[in-house]
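The data blocks that follow each hold one structure.
Two complexes follow with subunit A in common, the first pairing it with subunit B and the second with subunit C.
Then we have the complex of A and B:
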């Protein structure tokens, strides 16, 4: 992640399963290497299946880019917790983080590919959402 | 209505006790139509809330409610964490330090609106809103704590024949019919617990 281009949109992967989150991140890395700031989180605060706001906030911080961060989520709670996390960000960052309405694995790979070409946040989100729409 | 420190602490302990004691029941309901984590998630969150006592009860009512909301957001997980957390955070924002009945009614209405936005949901979709909205209506109409709790319990029962439209139960389609919504049940338990404490306070 240290070699990520800081100008590219960051990608955050949020799954109920830590294994899925990690595996999706592996697939992103295979596609774009270190060109994109990337972080993943999964599991509830006790390590069981679920999602948690603190983990999502930490992932956003880890994948932070001045160009913004696109979050890919799996099921309902991942989305709701991600939206909650975005609202808890400092105001100057809040508008630069979006939750994508896209499948978590496919969306992450597509979003990262778009980001790796230097596209802005809106284009990264659109690519993830349109590809499987 | 002025809630002194002891009442605020009793209120939070009653909420936590309700979730901890009914964790298995809530998990059972959630296993029927969801992912089976609702009881465990609520128990975790409200145990974390207990750990903030007694200190959190020293805060003013609005600040205490916001702190409760933050604890639930950070610890419950699932979709319930942001939903329950949003309810308490918004309740805190809308509540004066010494609310009268009209303040309580207005603040709960605002908090419920915020839950609707957070969950992108409306009553009738087999969620906690199907309990919160009718219970709030009884509060707004002047019903006492007992009537509010009764309305909440009856409303939770009415989710049994509903078709789930939001949340993971909606994946089941028609198979969601015939089961009480776990979020509706936990909401009714929390309302009953709060009502019991406030009823006792009003009559003492």
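Then we have the complex of A and C:
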């Protein structure tokens, strides 16, 4: 299944809870498989509930693909910190990272499913966001 | 990407159709939906399915749409496929359904 031209879009899961982030990633791995670059991050720098920009940047790096990266977030701070992380990326990468307006668990599974079929970043984002449509 | 209307020489391409009964106990829930869309995405052909012969038709490549159908065990899935690799696509999705999506 890996006709890796630009490769499959990477998926990053950002939750306030490290356990939710890890669990959502487990679901993606089990349901969709390993054809998709995947990383997750959760918790603030002290290990409490929250998110941190450095962790998100590291996750984007870990899931990086030339086809881009779709980020799934849970609540408020996860979104703003993700947007901040995207702004801190080198300019050539910034345009290839999107934050999806989708539920974090379902969105991650759907986005990864879409990505595993080789769909481009815009289609991955659109499919994840269909959950709210 | 090949054009999907290339298979028949002239006029509208005729869709290939076939049906299969959902055998896995939980029906077309999340995991089988993912498997079906992944399988469908491996083909250039347009692949749609419905719970009745006359539709309404659902794009088998859309994971969200496939899950929304909530097809239960025992339901008959009617497939409608158009495209140059339509025969292989139809065979692949039918095999998946017959096989219960790899679930027992």
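Assorted remarks:
One rule holds in what follows: the second predicted complex is superposed on the first by the 126 of 133 C-alpha atoms of A that agree within 3 Å, B and C clash if a C-alpha of one lies under 4 Å from a C-alpha of the other, contacts with A are read in each partner's own complex, and residues count from 1 in each chain.
Following the convention adopted for this analysis, contacts are C-beta pairs under 8 Å (C-beta built on N, C-alpha and C of every residue); 3 or more make two chains touch, one makes a residue touch a chain.
None of these values were measured; they are calculated from a predicted model.
Room for both subunit B and subunit C is found when the two structures are superposed via subunit A, with no clash between them. With both structures placed on the common chain, the touch criterion links A:52 to subunit B but leaves subunit C unconnected. In the superposition on chain A, contact of A:83 is made with subunit B only, not with subunit C. Contacts of A:41 after superposition: neither subunit B nor subunit C is touched. Once the two complexes are overlaid on the shared chain, A:8 sits clear of subunit B and of subunit C alike. In the superposition on chain A, contact is made by A:75 with subunit B only, not with subunit C. Shared-chain residue A:32: touches subunit C; no touch with subunit B. When the two structures are aligned on the shared chain, A:117 is found in touch with subunit C, with no touch to subunit B. Between subunit B and subunit C, more residues of subunit A are touched by B. Between subunit B and subunit C, the smallest C-alpha to C-alpha distance in the superposed model amounts to 27 Å. Shared interface residues of subunit A, touching subunit B in one complex and subunit C in the other, do not exist.
By the touch rule above, subunit A contacts subunit C in their complex via residues 1, 31-33, 109-110, 113-114, 116-119, 127, 130-131. Touching subunit A in their complex are the following residues of subunit C: 30-31, 34, 37-38, 40-42, 61-65. Put simply, subunit B touches subunit A in their complex at residues 35, 37, 40-41, 44, 73-75, 77-83, 85-86, 118-119, 167-168.
Residues of subunit A touching subunit B in their complex: 16, 44-46, 48-54, 75-77, 80-81, 83-84, 88.
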